[in-house]
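Residue numbering begins at 1 within each chain, and the chains themselves are lettered A, B, C and D in the order written.
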Amino acid sequence: MIPEETTANGYLLVLAIMLPVIGILLSLAAGGRYVERIAMVLLPAGLVIAAAVFGLVWRDQQSLVYIVGGWHPPLGIALRADGISAAMMLTTAIVICATGLFARGEFGQPRGSPETRASQVFWILLLGIWSGLNTVVLGDDLFNLYVALELLTFAAVPLVSLKGYQETIKAALRYMLFALFGSVLYLLGTVLIYGAYGTLDIAMLSGRVHPEPVAWIAASLMTMGLLAKTALFPLHLWLPPAHAGAPAPGSAVLSALVVKGSFFLIARLWFDAMPGLMNVASGQILGTLGAGAVLFGSILALRQQRLKLLIAYSTIAQIGYLFFIFPLTAGNEPWDSVAWTGGWLQLFSHAFAKASMFMAAGLIAETLGHDRIAEFGGINRVIPITVIAFGLAGLSLMGVPPSGGFVAKWLLLLATVMEGQWWWAVVMLVGGLLAGGYVFMVLGKAFGSASAPLKLARPVSRGREIVALTLALCAVLLGLVPLQPSELLQVGRPEVLGVITR
Amino acid sequence: MTLTLNIFTIVAVSAGSFFFMAGTIGLLRFPDTMTRLHALTKVDNLGLGLIVFGLLPQAEGLLGALKLLCVWIFVQLSGAIVSQLVAQLARRDGEQR
Amino acid sequence: MNSIALFAYCGAAMVGLGLFGLITKPQVLRKILAFNVLGTGVFLLFGVIARRGAAAGLHSDPVPQALVITGIVVAFSATTMAVVLLLRLYAETGEATIDSDDPPSTGTDGGR
Amino acid sequence: MTPPFILEIAFVILILAIAVGTLVARAAFTAVLLFMIYGLLIAIAWIRLSAVDVALTEAAIGGGLTGMLLLGAVARLRESEGSGEEPGLPTLLAAGTFCVLVSAALGTLVLSRPEVAPSLAPAVMDNLAQSALGNPVAAVLFVFRAFDTLLEKVVLLLALIGVWSLAPDRVWGGVPGLRLYAEPSSILVFLAQLLPPIGIMIGIYMFWTGASYPGGAFQGGTVLAAMWLLVMIARLQPVPAISLRCVRLLLVVGPVIFVAIGLLGFVFAGAFLAYPPDYAKPLIVIAEATLTLSIGVTLGLLVAGPPDRMQQP
């Protein structure tokens, strides 16, 4: 195998990771009002970088690679942006920027006042999550990815307990313990892999790993650890209180992006690092867990009385769909199939939709002073834009056209027919109906008449409503992509395939 | 010469080990904090002291011997201070276990 | 059996012990201790792999050693954060356990 | 079986027994004490595995700082950690089976391929001369995989932010509530006056020698942190408020310089985190020196905990 070299413009990958890191360091040093300003400068800059990477990968149909320090793997560390990482990076950047704009209303630092805890911490954590996610999608070294996962965890946990209520502290602690369990299992798998194959570089591993006991055990341990972090059923217990307890912008980032980070690594592991390992049985197991998540999450979402918890349970269900990629692509060329494109589209559209929903929920809670669904009557006349945003995002969760969620679920359904695995189709249809149930439960109340005159806690700014709407529109616009396997999402794949079939 | 030194080492280290054993038994069996501290400091002091002393002839050069002595001095220092602190706490709490 | 194998079994046993404690102990402090036992077990296994990879005049492969050093620091950070969360929870509620089926947050949250 | 090997078996049994004790001890205090002993024994195990750098780190962090942190926690929990609900027998059995299976699998797999022990040691040694460092572990940490090391510094800082974030709103920017383990008596003050000069020297020596021999920024930084904590506990120096500009600057100076050197690599050495050949050694020493300082301050503040009051007492 020829060692890969840094490609032209590869430096963008380093910048994508380092920019938020520099932001963290500067924010910590400067403090006070500078923290928000630093974030406001860096967010657009990061968006530009992500867009540039996306554009380059799309134009050249070729991965970007950067060899850090000029030391080639296995000794050194490489960064790589293939099709899925580029798309994931851009999604991340858009959601983070929107969250930043949205959060200004909540975590802005007023002029002249002493620095406050929540605002200092929030902006630094937001940057931390961003650098963690960028490293997760770009990293090509299993241990580097471990550090990235920890970066993500250490930024995500304090976000959960930011409000400081006792139940959020408890939720954060439980999240922390699950996350630690997850990372230590991941590390254990990494150790086994190094011991067996002498490298941690994913591209090199893809050519070296054979289906044998050590690879199987390593892969199962790592997958189990990552499932705990992704909150896939039945390891989901920590998610609802954690995502519901965080402040709205925090919930948006956690639900839309952070859980996807560990999912991304599961996909990296099975499709890139150990492509020879995926077989029918492992695919069916992961798919079954996903199906359990879809049904269980949706049913529990229907039974919630509070909006944020409902949305959190819906996250559990929507994550479940992602795992249908594994059984449906268990063929030879997973990335050429409709399921591959469908699965990733589900991830991106859910990211936009869920971020928008949590923002809408935050705005509703601010307006009313509570988020009890039963008392939402008449809210559509007070904050119509927010309610529309929630509805549009809901379309995508249900899988109704026109929306990204529709295209994603349609492609997945198509794949079940093509692969002859009809049972997933049943789960998806039931899940769609249940999603319709809980979305309309909320909308029905919101459009219904108020039983008592609405008591408004405080007005919310139009700008923040528009941010939520924009994200919902992003989820809808994803529905315009053609109904076929996307070429972009296959960038970087065939090379890997070439290595195994050789 | 080597033989004498080796015998010296064996004797001193054995004696040190004996104090270790005695001190450990004391730590487990003595009735209250103060007497237990007494047992413990004997281990630090005499037990480790004898072992270090016995190992000195086996040390690699002057630097090795100095390192061994440093080990003993640091353990002495920390042992003395920690037992002072424990004793103070014990007296303050009037603990009589 | 040689001493490398012995430490391999030791590491494997520590991983099992730590996992068991982390899963079954109800008190958070014990879970944190178990996590640390588990972590050192994983590191020790890595050390065994490093020792087996002794080559080129080194007694132990330096790459795993460096990774373990990084890992120890990360594990320490994790321990501090978990401990501080635990202490805050205890200060607020007087509890130092997290039983799994209390109803997720009620009431106060949501509004401000 | 040779006598040293029998001793080694006894040693491993002791480690495992203490690990079990840590998990089953009735009182939390006992569990933590056992854990501290466990940390020191593990450090010895690392020496047996010929990994002196790791042994130093484990002794300093695993045996020292972690123990200090946990002791502080136990003191605050006042032994009342509660019993909680032990899981039922089926859960215990299931968990037990799972853990035994994992252990068994690991025990057999780690040694499953004795004929090929993959190793990067030759690759490290081939490039050691180019890295300008003599200690192969340091070369991996600061040259070949410097990116990991850099990100891990960020992890440390985020952990500190996370710890601070748990302070009540009104004391943000205030003084960490470092738990005092003993009344600052004359003997403690004596120790805090006697030890730091030696300790600081050892800390600096560890970082300095780390370029060529076992040691390095982490180990040195940890020793510095321990000395600083000792001085604060003896109340010879006040615990600083976290809003102090100098504290913030000390926290970030190491990582900032590391990042700056990394970025300069783009211009002068052709890649991020590459060092220009003629200046590699001085650059790494500058980065390590400032990192040692930053790590020391970060670790010290991590142990000191979240702020809990605005003013000095």
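In the analysis below, a contact is a pair of C-beta atoms (placed from the backbone, for glycine too) under 8 Å apart; a residue touches a chain by one contact, two chains touch by 3 or more.
Computed from a predicted structure; not experimentally measured.
Within the contact network of the assembly, the step distance from subunit A to subunit C comes to 1.
Central chain by Cα centroid: C, whose mean Cα position is closest to the mean of all protein Cα atoms. Chain centres here are Cα means. That of subunit A falls 58 Å from that of subunit B. Subunit B and subunit D have Cα centroids separated by 28 Å. Between the Cα centres of subunit B and subunit C there is a gap of 33 Å. Distance between chain centres (mean CA atoms), subunit C to subunit D: 13 Å. Counting partner chains per residue, subunit A shows two or more touched chains at residues 75, 143, 147, 150, 154, 157-158, 161, 169, 188, 192, 194-195, 198.
Contact with two or more other chains is made by residues 15, 28, 45, 49, 52-53, 63, 67, 70, 74, 77-78, 81, 85-86, 88 of subunit C.
For subunit B, the set of residues touching two or more other chains is empty. Here the touching chains pair up as A-C, A-D, B-D, C-D. Every residue of subunit D that touches subunit C in the complex is listed here, in rising order: 5, 8-9, 12, 15-16, 19-20, 22-23, 28, 31-32, 35, 38-39, 42, 45-46, 48-51, 53-54, 57-58, 61-62, 65-66, 69-70, 73-74, 76-77, 80-87, 91-92, 95-96, 98-100, 102-104, 106-107, 110-111, 117-122, 124-126, 136-137, 139-141, 144-145, 148-149, 152, 155-156, 159, 162-163, 166, 216, 218, 299, 302-303, 305-306. Per the touch definition, subunit B reaches subunit D in the complex via residues 77, 81, 84-85, 88-89, 92.
Interface residues of subunit C, counted against subunit A in their complex, comprise 15, 22, 28, 31, 35, 38-39, 42, 45-46, 49, 52-53, 63-64, 67, 70-71, 74, 77-78, 81-82, 85-86, 88-89, 92-93, 98, 100, 104-106, 108-112.
Per the touch definition, subunit A reaches subunit D in the complex via residues 6, 11, 14, 18, 21-22, 24-26, 28-29, 31, 66-71, 74-77, 114-118, 120-121, 124-125, 128, 131, 135, 143-144, 147-148, 150-151, 154-155, 157-158, 161-162, 164, 169, 188, 192, 194-199, 213-214, 217, 221. The touching residues of subunit A, counted against subunit C in their complex, run 75, 143, 146-147, 150, 153-154, 157-158, 161, 163, 165-174, 176-177, 180-181, 183-184, 187-188, 191-192, 194-195, 198, 237, 240-241, 244-245, 306-309, 365-366, 368-372, 457.
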